[in-house]
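Okay, so chain A shows up in both of these, paired with chain B first and chain C after.
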Partner chain A sequence: MQTLRMKPDLMAEFLEALAAWGRVWAPVEREDGLFSLAVIDGDVTRARPDALRTAVPFKKLLLKPRFTMLQSAAGGTPVESADNDAGAQVLFGAHACDIHALKILDLLFLADYPDPYYRRNRERLVVVGYGCWPDDRCFCDSLNTSTADDGFDLFLTPIEDGIQVVVGSSVGDDIVRANRHLFEPATRRDARHYLERLSTRKEAFKLKLDVTALPFVLELKKDDPVWDELGRKCLCCGSCSMVCPTCSCFNVADEVTADSGAARVRTWDSCLFRDYATVAGGHSFRGDRGDRVRNRYYHKQEAFVREFGMPSCVGCGRCIDNCPTGIHVVEVFQHVRGTG
Partner chain B sequence: MTAHLPRGNGKPRVGIFGLTGCAGDQLQILNCEDQLLRLADAVAIVDWEMTTSDNDRNCRLDIAFVEGVVATVHDLERLKKIRARTSFLVAIGTCAVWGGLPAMRNLIPRDLLDRERDAATARFLDTAEALPATHFVPFDLELPGCPIEREEFLTTVNSLLFGTVPELPAIPVCLECKTAENGCRVIHHQEVCCGAMTRGGCGARCPSHGVACAGCRGPVEEPNYDANITMFAGRGISWVEISARMKHFSAPAWMRVGLEGVKGHES
Partner chain C sequence: MNLGLPPMHRPRSLERELATGANPYLPARARVMRIQELVADARLFELRFSDPELARSFTWRPGQFVELSVVGVGEGPFSLPSSPTRSGVVQLAIRRAGVLTNFLFDHLREGDEVGLRGPLGHGFPVERFVDQDVLLVAGGLGMVPVRGLLQYLIDLREHFGRVILLYGSRSPEQVLFRDELETYGRRRDAEILLTVDSTNGRPWEGRVGVVTELVDDIELDVARTVAAACGPPVLYRFLLKRLAALGFGKNRIYLSLERRMECGVGKCGHCAVGYTFTCLHGPVFSYWDAINLPELIDQ
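Then we have the complex of A and B:
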């Protein structure tokens, strides 16, 4: 790992240089205060890496919300579709929580049975991180995801009169070597500023989630009335699943197309939809809304911990931002634990 | 589920009908301009009043599409006759499936309407309470929407021609709205948006154009009607506004499906 510094006014040139590694995606302001990851080729000044969270996270770069897996013309033989193959992409402005979420998706999609659609895009994804500052919905610090030691190619952190650049991979090193003029050696002063930032940032986290023994708490609280209460409050609109960086459930369906061909289509899905757990004969594993809400929380903080040794929540706060009825993940767990 | 259509012995005979309604769903079929010729070649449209006066009004139909509500005695007679002569009957549009706009004012008593009409100029027709076509006879498939989605209509016809029935989206509008990355009409604009209660498949067209979902595609399988209203009221929206917005398309259906927790909408 190598640490460098970059002058802030070189950011635009740096972004333009990234285009050599693929289509550059960055947060851009879509509506007042609402950010979305968009391709910034052509106008790099739109990039807003300081944006705390985009509504839909980076997962759309790896698996599109809806894509064709196989297709055939009318009466023809099905052939594989390249619909989801995005080619080389650069994700600029990933925060530490995003990078941890990416590692969680890698566990899900690359570990036991590699998902070829995910893998093809993942192998060509360059990740450039950017240091953020928490608001009242960030609780990544409670989940040890507020900083990232690996999982990126480059990581940029704004420090006093400069940007600290950490090289995290050989691709990151290539980018630096190809653009020597943009970077300078980091100074001792930079290191001091960075460490100061780190400790003041840690103090800035207001929202905290106590994850101590949480899987055990949940195991004991399966019948807690809180789940029924949440079932009455939850709209099951699926917004939290869509915006969650680690929610990755999907549906696969065969469709006849409008021009009489056929397509096998894969779409984002959510365990909050009744349809999701409905099986042959119309039976449902999770018939009640309360069951489905509980399932989502248990998957994040209980089942995933038992399988992979860590929760699949990274504390990004997107579900808090996007729940129309104001269900607050931290309050839910405080309530279950009996401390809120 | 499979659709039993004649195979190999001629084109399937198709009828398209409108009960009381605006004929917008039939118009959507005509709007499938790029696919119309192919469609007309694949099936024999033998009874479609909107497009031709040369109709066979009595033959057996392999597939029939019916839009609109039953709002007159005459509508009901026609509907029963269509059902009797049709193998695979498809309801098109929210009027036929859920009651839609014509069912909005069913709460006004009919004798009041009769009293208030201008007796000198208007005759009280053989009208009845406006109810969806699906209330009266069994349908084999229901395509919601006001109007229907062209793409969904075409894939339905093509699926039926292949002897299969399409799987229609059961997801709420919110899923499509979130993936379109629109600002939420509820959270960011404090509006009564019916997206969470409403069946998707429209690609969240209205919210993507900055307009709250009016619920035109009818309720999802298990709408949380009560929580939606509580949410709107909790954001300071007036009850009058909530009621007016939710009444447009599906409120009667939401009340039935959401409050009573009844799956399906048979009464």
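Then we have the complex of A and C:
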């Protein structure tokens, strides 16, 4: 790891330079206060790395919401499709929670039988992080995901009269070496400013989730009426899954294509959809809405912890932003614990 | 001891490839060698991988499954109903249930090609059955994976103690692999007890009644017996209570479970129960594991 600094007015030039590493994606303001990840080639001034959260997270860069996995010509043998292959991409403006989410997706998709569609895009993804400032829906600090030590190529943090640049990989180092004129050595003053920022930022977190023994608390409360209450309130619209950076369930369906060929298509799915666990004959293992809601929360805060030693929620607050009936993930857990 | 089986992997660890290829979603081609009527609406499909090297090397653990696919129609998980000790062809025993299986029944002919990926999941931990009596319990289509295990135990007979099969079907004409099972019984390869819910007026020499009642009809040395079961949820509900009452340790009872599956390799999430993916950690679980997973079995 290496720490440098950059003058703030060089940001645009830095963004132009990133294009040499792939199509550059960054948060842009779609409408007032609403951000989405878009390709900014052409007009880098649209990039808004300070934007707190894009509605749909970076996962769409790795696995498209819908893509063809396999295809075959009429009567032919099915072969792998390149539909999901995005080529080289640069994710600019990833926040610490996004970087943790990316590491969680890596755990899932690169373990056991690695997913080749994910892997191909992942291997060509350059991650440039950006230090954010929490609002009242961020609770990453409670989940130890408010800063990132690795998982990025470069990480930029705004500090007093400059930008701290952490080089986290050899690709990051390549970018720096190809653009030496943009960077300067970091100073002691920078380090001090960064540490001051770190502690005031920690104070700025208003929303807190007590994760003490949470998996066990959930185990104790698995029959709690709160799940039925939530089941009545939840519309099972799946929005929370679609916007969650670590929700990655998918569905697979076959199609006959226009030229009488065939395709196997993979689409984002949500465990909250009614037919998610339905088997032949129509039996659903989680027919009840309350059971499905519970399943989602348990998956994030109990199941994943048991399997991988950490929760699969990074505290980004997207599901809070996007639930049409105001279900609030932190309040749910407070309620379950009996403290809210 | 070498029992000639591929290793069991701890999920979420080692990066590995399916025997059928590095892209775990891409099936390998296999040719339909023979289609045989088992009972009404269930058929045995014998397949052989088109790649001769794969046909030769493909092996599995009893209790593992494959995904069979016809791209453009669908894909589904099916247990391997035969023993790896009898490899060469891959058998699948399939019941008509919906889009894919209707296609297999109505359009697939001997000589056609389909796709297979696998072997998938964890099979039965047969290493732990060595020198033990093995009680097999199957209900309905649950006989499919149990048959693979039964054949295996019979083929390596000297490594195991008593082998007892309790198998329940709805009616005499629904009994899967009836001739084969009766032959094993006659040859004393295994103790075979068949039962049906009702005889439907057909000739029947076995029992009438639910399969779990058969447990009471056999003498078991519980301390040296392991149990392996596959059947519908109702079978587990009664059987597990019964076995626990007899003094079976929960880690000496193994169940094979069915869940909705879309990928078979621990990615799509559909088969998740609690923290486990049925496809990757299962479909075979010990009763202890199963009881600690919400929703895994109706308790």
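Keep in mind that, in the parts below, the second predicted complex is superposed on the first by the 332 of 340 C-alpha atoms of A that agree within 3 Å, B and C clash if a C-alpha of one lies under 4 Å from a C-alpha of the other, contacts with A are read in each partner's own complex, and residues count from 1 in each chain.
One rule holds for everything that comes next: a residue touches a chain if its C-beta (ideal position, glycine included) is under 8 Å from a C-beta of that chain, and two chains touch if they have at least 3 such contacts.
Not measured: the values here are computed from a predicted model.
Once the complexes are laid over each other on chain A, chain B and chain C both fit without any clash.
By the touch criterion stated above, A:E255 is placed in contact with chain B and with chain C alike. Once chain A of one complex is fitted onto chain A of the other, the partner contacts of A:T147 are absent, as it touches neither chain B nor chain C. Of the two partner chains placed around the shared chain by superposition, chain B is the only one that A:S36 touches, whereas chain C remains out of contact.
Legend: residue contacts after superposition of the two complexes on their common chain; A:L235 is shown touching chain B, with no touch to chain C. The larger set of touched chain A residues comes from C, when the choice is between chain B and chain C.
Centres of mass aside, this uses C-alpha centres: at chain A, the angle toward chain B and chain C in the superposed model is 70 degrees, to the nearest 10. In the overlay built on the shared chain, the residue A:A55 is in contact with chain B alone; chain C does not reach it. By the touch criterion defined above, A:E307 lies against chain C but remains apart from chain B after alignment on the C-alpha atoms of chain A. In the superposition on chain A, contact is made by A:P78 with chain C only, not with chain B. Once both complexes are placed on a shared chain A, the shortest Cα to Cα gap between chain B and chain C comes to 5 Å.
Shared interface residues of chain A, touching chain B in one complex and chain C in the other, are 253, 255-256, 269.
If you check the complex, the residues on chain B that touch chain A are 35, 38, 42, 150-151, 154-155, 158-159, 161-162, 164, 166-167, 170-172, 174-175, 178-179, 181, 183-184, 186-188, 195-197, 220-222, 224, 226-228, 230-231, 234. In the complex of the two chains, the chain C residues touching chain A come out as 9, 11-18, 22-27, 29, 69-75, 97-98, 101, 113, 115, 258-260, 262-263, 265-270, 272-276, 280, 294-295.
Put simply, chain A touches chain B in their complex at residues 30-31, 34, 36, 54-56, 60, 65-66, 232-239, 242-243, 253, 255-260, 268-270, 273-275, 289, 321-322, 324-326. Of all the residues in chain A, the ones that touch chain C in their complex are 69-72, 77-80, 107-116, 222, 248-256, 261-264, 269, 271, 276-281, 285-286, 291, 295, 298-299, 302-308.
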